[in-house]
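Presented below are the structures under discussion, each in the form of structure tokens.
In the two complexes below, subunit A is the common chain; its partner is subunit B in one and subunit C in the other.
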Partner chain A sequence: MSTSLINDWGEWLPRLWDGLLVSLQVTGLSLVLGFVIGLGFALLSSAGSGLVRWPAILLVEIGRGMPALVMLQLVYFGLPGVGITFDAFPATVVALTLTTAAYTSEIIRAGLRAVPAGELEAADALGLSHVDAMRFVVIPQGLRIALPTLMGFAILIFQVSALAYSLGLPELLGQAYSIGAATFRYLDVLVLAGLLYLAITIPASWLVDRLERRLSKHLG
Partner chain B sequence: MDHLGVVLGGVPTTLLVTATCFGVGAVLGLVLVTGRRSGSVVVRGLSRTIIDLLRGIPPIVFLFIVFFGIGSGAIRLSPFVAAVIGLGLISAAHLAEIYRGSLLAVHRGQFEAAQALGLGRVTTYTRVVGPQAVRVAIPGMVTWAISLLKDSALVSTIGVAEIMSVTNQDARSSGSSLTPFVIAAAIYIALGSPLAYLSRYLERKLSLKGAR
Partner chain C sequence: MTEPLTSPARPILSIEGLSKQFGDHTAVDDVSLDVRPGEVVAIIGPSGSGKSTLLRCINLLESPTTGRITVGGIPTEVDGKVSQRELVALRRKVGMVFQSFNLFPHLTVLRNISLPQERVLGRSRAEADARSMALLEQVGLASKASSHPPRCSGGQQQRVAIARALALDPSVMLFDEPTSALDPELGLEVLSVMRQLADEGMTMIVVTHEIHFASDVADRLIVMADGRIIEQGDPKTVIDDPQVERTRTFLSAIRDR
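What follows is the complex of A and B.
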């Protein structure tokens, strides 16, 4: 019995592995693109002018307020209604990028706000322009403060990527589900898929914990 | 206009799933945090492992394990029961970590003082440490409730007729496919915003009073 389970796992593993690679691809792409847009929105939503700030905050709140599953299905099933059609892979990347942008912009904004005001005043006293002060003084320190939270969010987006199975994307959960449907061995294959997810998320969260402790050592 | 009516029809079920899972998680979270702070290494390690597993696995995968894996074999689970077990256990793990953080925020002197006064372990927790920890835990608990509200959309995949599920049906049966999704997004935001406001308000209020 147990040897046959191991045999089955061995047989399923290559397909699940392919699925895991797709999961990691959509996660990685969405994180990179979302982070860049998120940084932009973080700067816009801490802008001096209300005309810039409020629309940015509104968009961020919309992105954070809707479930990722709604975002995914809106992009994949909803947008064709207005003539915009994506395949499952780009649809997933677009949806997860937008979700990432909304969340990371809040995380980065909190990081930027945690940089003491004296830093900006010192940069000003040294004659740095506002752009240079942000670029060389405030943003590097703010990102450093935000780093553990950003990494925690990256783990969350990896988990969220499993929802893309509902668009028919052959990522890890999608592969596991279709093996389950073919063999009726849902429990075995889903547990194996769960273990593969855990093999990424658990070491990653240890890393985040360690980083958090290291970066906050001086506060102890 | 009837799109709005259809999608709103899912709201009571979404709220019921969210509230039930939160209730289950709030109680089981207490059990897990008690285990996590136990004197026995075995109990502590086991609780920690359970918490790490439940937090590490994607909620949708855990939900599928409960519904298709366990609930389709010897035991039959209805979609609602599977949803409550799945998201309830995940909530328990997250809430246990929130409780743990809040207990750590209570000054150690409070435990020592309670001991010096001869209070038992239970009295120390219910009368001295608990009330102080709750104050720290509440904003985090509300934040988790918001996440849970959004995660409840996942149970549409196992056939619970909540907002996301009726939205999907509406999008499929009607010609226009964008409108129902936009309405669903707006409803989730409308349900979550008061909670987000509450969380910020409580955080301000409780942190001022709780200052040591």
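What follows is the complex of A and C.
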């Protein structure tokens, strides 16, 4: 590896670093908002009333079936057609929030369903209201069961955030691309961008593994 | 146990004409039963005889097809729809212990007992915890207060489940095969807690296969088959001299086990 490559990387790094921060911001915001909405949809799509359940399941299936890239384009280029205009940053957050909500609602729903029915019966027999049973018994355990899968999904969404470069958002890939366009050194800059993605995803995956092992020991 | 079976005291629990259909199958067939305050009723019978379903109908975990349940003088018509208010009112007076304990594994033993008191009876955390500790003392598990249920043995979990139900001050306690999931020696510690509870005058209905417990502790033994009560009376009399052929077959089957 030549010293000039090291020098170039050193020169590009501040811009890529800024891009990485943008990637992390859109990912973080989308995850927080998406998890909350996802929990809401998980509860709605396991509701007793079909009138509530079926529309929720339909929306979740649409959200899960839609490629993230299409979701991004739809929000950024499509919604202005009905008078709703977003900048690239909020458009990315809205689109990735919707994708996150749709996926995590299924993950959380599976977690909620894994809570043994006997515990719900006990809650009923004790006279706890349905809301209390969900709040104190089902949701805390369901989320704990879902946590490793949710975190795995969070890593995925971080990777998917690279698609926002197509909206011109100056996130990590967007920055790398514009450096590449200016220097024609696509290979060098994309390798560095890739390394920065890995610097986040590899430790994160390792953390998820550890958490999964700890939780299974705790619950088992 | 020498008291007459039809005591003049007003029954604390009264079941009239209770039936439960599952599709074509009649699990409980027109059962009526009065239970006096402080009485311990043991229900035995072959599996599929409807004894667990009857128990689960009493606190409406199963909604009966027809019938009327009166607890502490307040009747609930259970034909068709029971209002949420009636449901909660009935369950408040009836405690239940399950075969599989059904503790909340993510909460400590103490929280398992205190949380329902706070949410259902509106007790303060301090009040609830004080009551919980007193009950844990009573079932011999005060040292386990801060443990999580998966760290307790089955017998300990079942004793916690009993304390959790007692904490809500029920008028009647229902036990659905409380020792069936336990090794015999762990079952014994649960039975001894139940025996102590009976001695203190708690009204109890116990679905069980423990014939010794039924004969030593129960005031009345009920034998069920095909959703009906086929025989009932003083436990020792029923066990030593059953009047109905099916009771004889069933008793000899569990003795041979």
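Everything that follows uses one rule, which is that the second predicted complex is superposed on the first by the 216 of 220 C-alpha atoms of A that agree within 3 Å, B and C clash if a C-alpha of one lies under 4 Å from a C-alpha of the other, contacts with A are read in each partner's own complex, and residues count from 1 in each chain.
Note that a residue touches a chain if its C-beta (ideal position, glycine included) is under 8 Å from a C-beta of that chain, and two chains touch if they have at least 3 such contacts.
Every value quoted in this text rests on a predicted model; they were computed, and no experiment measured them.
In the three-chain model built by superposing on subunit A, subunit B fits alongside subunit C with no clash. Vertex at the C-alpha centre of subunit A, arms toward the centres of subunit B and subunit C: the angle is 100 degrees, rounded to a multiple of 10.
Contacts of A:119 after superposition on the shared chain: subunit C is touched, whereas subunit B is not.
When the two complexes are overlaid on their common chain A, residue A:132 makes contact with subunit C while staying clear of subunit B.
In the overlay built on the shared chain, the residue A:186 is in contact with subunit B alone; subunit C does not reach it. In the superposed pair of complexes, A:67 makes contact with subunit B only, with no contact to subunit C. When both complexes are overlaid on chain A, the residue A:207 reaches neither subunit B nor subunit C.
Once the two complexes are laid over each other on the shared chain, residue contacts for A:140 go to subunit C alone; subunit B is not touched. Counting the residues of subunit A that each partner touches, subunit B and subunit C differ, and the larger count belongs to B. Of the two partner chains, neither subunit B nor subunit C is touched by A:21. Subunit B and subunit C never share a C-alpha pair closer than 24 Å once the two structures are laid over each other. Residues of subunit C touching subunit A in their complex: 59, 61, 88, 91-92, 94-96, 98, 100, 102-107, 115-116, 119-120, 150, 161, 164-165, 168.
Remark: subunit B residues 52-53, 55-62, 64-65, 68-70, 72-73, 150-151, 153-154, 156-157, 164, 167-168, 171, 176-182, 184-185, 188-189, 192-193, 196 touch subunit A in the complex. Residue ranges of subunit A in contact with subunit C, taken from their complex: 116, 118-119, 121-122, 124-129, 132, 136-137, 140-141, 144, 219-220. Residues 61-62, 65-71, 73-74, 77-82, 158-163, 165-166, 173, 176-177, 180, 186-187, 190-191, 193-194, 197-198, 201-202, 205 of subunit A are the ones touching subunit B in the complex.
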